[in-house]
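The same chain A turns up in both complexes below, where it pairs with chain B and then with chain C.
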Partner chain A sequence: MNALYLVSALLIAVGLYGVLIKRNLFKVLFGIVLMAIGVAAVVVVSGPGGSPADAVSQAIGLIAVVGGGSVASLMVVTAVRLHEKYGTLDIREMRRLKG
Partner chain B sequence: MDMQVTVLLALSAAVGVVVLETRQMKSFPVVAGLALGLFAVAMLVVGATEVGVGGLLAGAVLVLVLRWGVSRTSARDEVPAFSGGAAALRAAVTLVAFIVVVFLAASNAAGPASVESAEHLSGGAVSLVREALVVGAAAAAVWAMLRKTGRRDE
Partner chain C sequence: MSALLPALIIVPLAAALLVALSSRSSARVVDVLGNLGTFVVLGLAVALAVPVLAGSVASWSLGDASPLGISLTVDALSVLMLLVISVDSVAASVYSIAYMEEYTSKAKYYVLFLLMVAGMNMVVLGADLVNMYVGIEVAALSCYALVAYGLGKEYLEASFRYQVLGTVGTLCLVAGIGLLYGRVGTVSFARLAASGVSTVAGIGVPAILILSGLALKAAFMPYHAWLPDAHSTAPSPVSAMLSGVFVKVVGVYGLFRLLFVVFVPGGVLATALLVIAALSILAGAFLALAQMDMKRLLAYHTISQMGYVLLGLAIGTPLALVGALFHLVNHALFKELFFLGAGSVERQAGTRDIGKLGGLNSRMPVTGVTSAIGFFSISGCPPFNGFWSKLIIIVAAVQAGHVGLGVVGAVGAILTVASFLKYEKGVFFGALPEALQNVKESPASMWVPMVVLAVACLALGLAFPWVIEYLLEPAVSAIMIGA
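Then we have the complex of A and B:
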């Protein structure tokens, strides 16, 4: 059912929207998490079908989800440290204050 | 079952939009956890137990870390929204084109999507333990970063 691909692509697109449009660092990193789970959804729903690669697809999906969540957790800590240094979570403001 | 999974994933995407548009950062971690939880439930419905449990684990850790992060920063998102204009139009066109390209590429490369018979492909308890270790290692890294920066403050 190709609607599954459509909603998975929608998940990735919502994440991409967060990364492209949002300026709050927490929201940018949540966009990355959404993209990771969208990729995992694409991989999982395209996998089952009887080929040897199918079991691998679930492992890849698992790595995408857990890896994305773990990286995001580390990024939250980095964001808090950046907030302590610059006093803002706005990525444009941080870029302006850098120089 | 396809329809149930489609609805759950669509709900997850909709909650994701709510998370990105919320101004109240206090509720941000909880709603973010809801989006991840819906995705995890969808994966459990598919029968992809590893991905589902991995999503629940990663979501739980992420919600806790986000709650800590929000409590250390600001309670409201005061960062202005996107300015709009030509750049907004370009972004909207880019996103729609992106969805179409992903849809066409996935449909042509992997054939019709299906969630049937995924259950027997799960790797079992060993995979879950492996992923729990990955999440544990990430949590340990977060703790180590906090401890190190805390010492530096002293």
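Then we have the complex of A and C:
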């Protein structure tokens, strides 16, 4: 059980690192996907009484994955469009907006 | 009556489908179908509101028991939010008829708009946290796409940033919901309220996750980074929906539902909410004061006004909750009015830079007058609606012993007056620049919604005792059930 928690925490941590530190749009996107998987895993693992077999926990985990997946597809589209406009995926070269 | 509950979600979804199917036909057909969707939703919401505000409750479920099946329930708080959603979406969709002409595909716009309405209706009708989460996700996804609707560089960039931060928020939320379920074994609002959850040991982590998720969605101060870009770059009717309704439904509504269940006024988390509220009120208003872009000023100002709602919520006395809900309703009306007005100015004058505008009262009298009514409401002049709600929140803060927070509320109100004086003076008063001599008033389909919202601002202010008695107090008792 503890190993499963550790894996989910690791996934979330790596994902968060991608979101906060990485400058490439697709690396940010991978960070989001990793976080979604980590969150789904931690939800499933922490069912009532620490049992991953609980149907509701699994359903909530599934919803987290589906939500993460649908956002990811929208982000791919947005990133591709941004690449068309700027010719780069580097977030530092896209500062059209003020603060 | 209980058949109205699924209808409120199915009607906008069906309307979205119809619009999508008829996207090849003329723009008139698309306009009629899109607006028909929002008007029917308004009709259904009113039909549901009358019996529910008179004291009855209704629920509906499909499939297994909650949360594996879909269960919907309605009480006075849901009805209040439904009315806010449907009034604002009708105003925005009528306004879109003329405003969205300049964009390429109106049909796609209405599809996304109606999906957003369906998602928000699901949020306020959901009987458990999981339904609420699904509704938030549906509404948020359509919102991300709507922010990027113009497909220019700044639209895409604002949308991408919003997608990243919004998704981090929904992931916090779903992690919190999952962990909460693991601790207490239920996600239904009714059972959570009955079970005395807040006393369960180790509730802190899920509560903090849910709080962070909702705060990111509601853009309270340390969580606000996405809001100014997203709200100012989106097409104006979308900005109006985002600032007017969206942040309240996907962010603040959940806090109201869980206030006495998880956060408990007087506890550590509620104190954290008070700090966030004070920070939002002051910093939001200061940042608004510095803006030269009409829509950015309005967007920053939303943070400050949501701070007032959070302040009333976190104090948690019945009077404070009345003030918080009243301010939520009022802000939905006057902020929608301001964004529609800003869109009208931008469309007719070609800019929304306050420094380049001026004297538009003589050229756009309807936009000017409705904007002035919005100004009186937002800055709290009696007898307009904003005066009563701010007064109630400040009085409730002082009554509950938070004199400092009452002072913060008053200072925030002064900063609000200052930033909107700048807005009004820079856009509607003063000398008319040479370049704007030929500006004309926007078409009737754009100014009629603004007039309706302006009249509503005044009417709610004049009728405030009845609004409080028949609309807000039932909603407050629905919130207090878990207390």
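To be clear about the criterion, the second predicted complex is superposed on the first by the 88 of 99 C-alpha atoms of A that agree within 3 Å, B and C clash if a C-alpha of one lies under 4 Å from a C-alpha of the other, contacts with A are read in each partner's own complex, and residues count from 1 in each chain.
Everything that follows uses one rule, which is that a residue touches a chain if its C-beta (ideal position, glycine included) is under 8 Å from a C-beta of that chain, and two chains touch if they have at least 3 such contacts.
Not measured: the values here are computed from a predicted model.
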item: Superposed partners chain B and chain C on chain A - clash or fit; value: fit
item: Partner chain in contact with A:59 - chain B first, chain C second, else both or neither; value: both
item: Partner chain(s) touched by A:5 [first = chain B, second = chain C, both, neither]; value: first
item: Partner chain in contact with A:46 - chain B first, chain C second, else both or neither; value: both
item: Contacts of A:68 with chain B and chain C, given as first, second, both or neither; value: both
item: Touching partner for A:86 - first (chain B), second (chain C), both, neither; value: second
item: Superposed model, chain A: greater residue contact from chain B or chain C; value: B
item: Chain B versus chain C as contact partner of A:17, first or second or both or neither; value: first
item: Least Cα gap, in Å, left between chain B and chain C after the two complexes are fitted on chain A; value: 5
item: Residues on chain A lying within both footprints (that of chain B and that of chain C); value: 42, 44, 46-48, 50, 55, 59, 61, 67-68, 70-71, 74, 78-79, 81
item: Interface residues, chain C side, partner chain A - complex; value: 67-68, 130, 133-134, 137, 141, 144-145, 148, 151-154, 156-161, 163-164, 166-168, 170-171, 174-175, 177-179, 181-183, 185, 187, 228-229, 233, 296
item: Complex contacts: residues of chain A adjacent to chain C; value: 19, 25, 28, 32, 35-36, 39, 42-44, 46-48, 50, 55-57, 59-61, 63-64, 67-68, 70-71, 74-75, 78-79, 81-82, 85-86, 94, 96-99
item: Complex interface listing, chain A residues touching chain B; value: 1-18, 20-24, 26-27, 30-31, 33-34, 37, 40-42, 44-50, 54-55, 58-59, 61-62, 65-74, 76-81, 83-84, 88-90
item: Residues of chain B defined as touching chain A within the complex; value: 2-3, 5-6, 9-10, 12-13, 16-17, 19-20, 25, 28, 32, 35-36, 39, 42-43, 46, 48, 50-51, 54-55, 57-59, 61-62, 65-66, 68-70, 72-74, 77, 79-80, 82, 91, 94-95, 98-99, 102-103, 106-107, 109-118, 121-123, 127, 131, 134-135, 137-139, 141-142, 145-146, 149
